[in-house]
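Data block below; observations after.
Chain nomenclature is as follows: A, B, C and D, assigned in order of appearance, with residue numbering initiated at 1 for each chain independently.
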Amino acid sequence: MHPKPLATARVRDDGFADRGAEVTRFESFLDASFAFTITLLVIAGSEVPDSIAKLVNALKSLPTFAASFLLIALFWAGHDTWSRRYGLDDRRSRALGFLLIFLMLVYVYPLKMLFGSFFAWISAGALPAKFPINGVAELRAMFYTYAIAFGTLGGTMALLYWHAWRQRDALALSAHEREVTRGEIVRWALAPAFALLSAALAWSLSDRPAD
Amino acid sequence: MHPKPLATARVRDDGFADRGAEVTRFESFLDASFAFTITLLVIAGSEVPDSIAKLVNALKSLPTFAASFLLIALFWAGHDTWSRRYGLDDRRSRALGFLLIFLMLVYVYPLKMLFGSFFAWISAGALPAKFPINGVAELRAMFYTYAIAFGTLGGTMALLYWHAWRQRDALALSAHEREVTRGEIVRWALAPAFALLSAALAWSLSDRPAD
Amino acid sequence: MHPKPLATARVRDDGFADRGAEVTRFESFLDASFAFTITLLVIAGSEVPDSIAKLVNALKSLPTFAASFLLIALFWAGHDTWSRRYGLDDRRSRALGFLLIFLMLVYVYPLKMLFGSFFAWISAGALPAKFPINGVAELRAMFYTYAIAFGTLGGTMALLYWHAWRQRDALALSAHEREVTRGEIVRWALAPAFALLSAALAWSLSDRPAD
Amino acid sequence: MHPKPLATARVRDDGFADRGAEVTRFESFLDASFAFTITLLVIAGSEVPDSIAKLVNALKSLPTFAASFLLIALFWAGHDTWSRRYGLDDRRSRALGFLLIFLMLVYVYPLKMLFGSFFAWISAGALPAKFPINGVAELRAMFYTYAIAFGTLGGTMALLYWHAWRQRDALALSAHEREVTRGEIVRWALAPAFALLSAALAWSLSDRPAD
C-alpha cells in the first residue's frame, strides 16, 4: 500500500484528498478494458446496415445499448472514484480490479440480451428482442442472470471500499473520509443484497412449463 | 470543478492557458473508445481480401473510410481542445463526455453507410455502395440520420463549452479566453442548427413511393 | 538505458525503488494490447445469446475464460512489476516487450481451445469443448502447444530480468534488489524448463492412431 | 509549437534532449489505434480453432503475422522516437499523426494478404496463402500495393521529421540533433523512393494474361 504523502494532495469536492491523481498502469489497463467492453456492445451482432429497413431496425436497439452503456459507465466511474480517493495500487486492489474487468466481460452479452428482452416487453414488442421470453421458467432464468451480474459487480465494489476501510489509519483518512467510506461500503453492498432478494423472488414464482 | 492553479499553466498558441495538460483517466477512457471506434470502421464488414479483385474492391471504399475517419477525428480533436483549455473533470463534464462516446458508437455504422451511398452517388456508381438509395422516401431517411448524428454530436460539444462558460469566473478566464469560449459555443451550436435545417428540407420533399 | 535518479524514487513493499513510476508510451501500448487480448477471449466465437439455452451454454465456458484471463493477467502483471522495478525503456526492453505482445496474440486462441478441452475433460463432458481430443496423437499435439506457449512466454520474462541483471550497476541495484532479480530469473526460467519437460513427456507417449 | 524548456529535459542515448517525455492525449490515441491494428491482424479471418488440423493450419500463418507485426511496430517506434525527440503537439504534427493511423488502418489487411502470398511463394506452398498469385498482372498489382503502402507510410514519417526540421531554431536543436534530423528525413524518404522504383519495375514487366 503506497499512499502519496497527504501534503501534496488536493482536496476534491467530495471532501476527499486526491491520493490517486497519478494514473497507474493498472488503471490504464482497466480503462482500456472497459472502453473495449462498451464498444463490444456495438460490434456484437451488429453490421453496417445495407438498407434503410435495417438502419431503422438497428436504431430500435438504441434503448438496449443505452442501458448497457450506462451500467458499464456506472461501474467504471465507481472504480475511478475509488482509486482517486485512496490511491491504492497493491496486490489486493489489483485482484479486485481484475475481478471487476472479468465480471464485466462475462456479463456484457447476457446483459445486452436481458435489456433487449426488457425493452421489447415494456414497449409491447415495438422494440424488437432477439429472443422472446417464453413462460415463467425463462423469466426466472433471466432474473437469476441479472441478480448474479449486478450482485457480484456491486459486491466487488463493496470489497474495494472495504479494503480501503481496513487501511484507514495508514491512509490517514479524515473523519469525513471515514464516514463516506463506510457509506460507500453499505451503498455498494446493497447491490448483492438486492440481487439475493430478486433471486429469492424469482425462486418463489411457480415453475410452469413454457409453450 | 478543479482548475489547476493558473501560475503553473503554460499559454498555448490559441491564447489559452494550459489548464488540462495532465491526462485524466476519463480522457484516456474517451481516447481508447474513439480509437476503437475508428478501428471499427475497418473491421466492420471487412475481411482480409483473398483475391486481387477483392483487394481492388476494398480499396474503393477508401473515400468512405476517409470521410468517417475525418468526422471522428474532428470530434475527438474538439473534445481534446476543450479539455486542454479548461481542465474540467467534474460530474457534468464526464456526463457530456460519455454522451459523446455513446453518440459516436451509435452513429459509426449508419454514418459509414451514409458516406458509402454518398460516394457511390457522386461517382455515378464507380465507387460501389452497399445499398442504393431507392426513391425520395429513403433519401429523406438518410438526411434525417445525418442531421440527427451531426446535430447531436455538435450539440454535445456546444454544451461542453457552455458548461465551461458558466464557470468562467472560477476558471479565471481572461478576456481573450472568454471571447473564444463564446465563439466556440456558437460554432458548435451551428451543427444542430444546420441539422434542423436539413431535416426541414428533407421534410419538405414530397413523399413519393420508391420502386 | 535511462534509470531515474534514485533520490526521487519511492521504495515499494517488495523492497524495490520505484524506478518506473512514470508510464512510458511503450507501456501504454503494451497495456492496450493486453487489454485487447483479454477482450478477444470474449469476442472470439461469441455472440449475443438469443435464447435461454444459448445463455446457459455460454456461461458454461466461464472456466475456460477464467483460466485464459488469469494467464494473460499473470504475464501482464509480470511485465508491469518488471518495468516498475527497473524503469528500463531501451531498445532491448522494447524488443522483448513486443515479443511478449506477439506471443500473447499468437497463443490467445490456441490457449482458449486448450483450456476448453481441459475443462471438458475434467468435468467428464459436463462443460462442453469445441472439439474433443481424439487419441494420443492429438493429446500430444495439445501438450506441445501448451509447452511452447508457456515456455516462450516465461522465457521472455526471464530474458527481461536477465537484461535488468546485466545493468545492475548502472541501475545501482541494492543487495536486496540484486537477490530478488536473480530469483526472478530463475522463477521465470522454470516455465521453459517445465515446458521442455512436458514436451519430453508428450514425446514419450506412444503414437497410436486416433479413430 | 510548444517545446518544453530545455533545462528540464534529460539527454537520451541518441544525443537528443527528452522534449516529449510527457505523454500527450494524441499520443495515447495513436498508441491505442496502433495496438488495435496489431490485434486486428489476429482477429481478422481468425477463429478459435476447433480441431488439431485447424490449430496446425493457424500456426502456419505465423510468419505472415510476424512480418505484419514487425512492420506496424517499426512505424509505431518511428513515431514514438520522433515525438520524444521534438515534443511537438501542434496542428500539423497531429494531422500527420492522424494520416499515419489512417494509412496503417487502410493497409493492414492488404499487407496481411501480401505477406501471406509472399511466404506461400518462398516456402513453395508449404505455408498456405489465402489466394495464389496468378500470372504477371496480379504480381504487378501486388507490387503496386506494397509500393504504395510502404511509400506513403515512410513519406509521412519523412514529413514529420521535415516539420521538426523547419522548427529547428524554435526547438533550439543542437548541432548533433540537427544532423540526426537531416539524416532521418533522408532515411524515411528512402521508402517512397524505393516504392517508386519497385512500382516502375512492376510497370516494366510485360502484361501477359493469367490463366
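Throughout what follows, a residue touches a chain if its C-beta (ideal position, glycine included) is under 8 Å from a C-beta of that chain, and two chains touch if they have at least 3 such contacts.
Being a predicted model, the structure only gives us computed values, none of them experimental.
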*Greatest Cα-centroid separation from subunit D: which chain?*
A
*Same or different for subunit B and subunit D, where same means more than half of the interface numbers show up on both copies?*
different
*If you average the Cα atoms of subunit A and of subunit B to get two centres, how far apart are those centres in Å?*
27
*Mind checking the centre-to-centre distance between subunit A and subunit D? Centres are C-alpha means, answer in whole Å.*
38
*Residues of subunit B that touch two or more other chains: which are they?*
23, 28, 32, 36, 43
*So in the complex, which bits of subunit A are touching subunit C?*
1-2, 22-26, 28-29, 32-33, 36-37, 40, 43-45, 90, 94, 98, 101-102, 105-106, 108-110, 112-113, 116, 130-131, 138, 141-142, 145
*Hey, which residues of subunit A end up touching subunit B in the complex?*
10, 12-13, 21, 23, 27-28, 31-32, 34-36, 38-39, 41-43, 46-52, 55-56, 58-59, 62, 65-66, 69, 73, 76-77, 80, 83-84
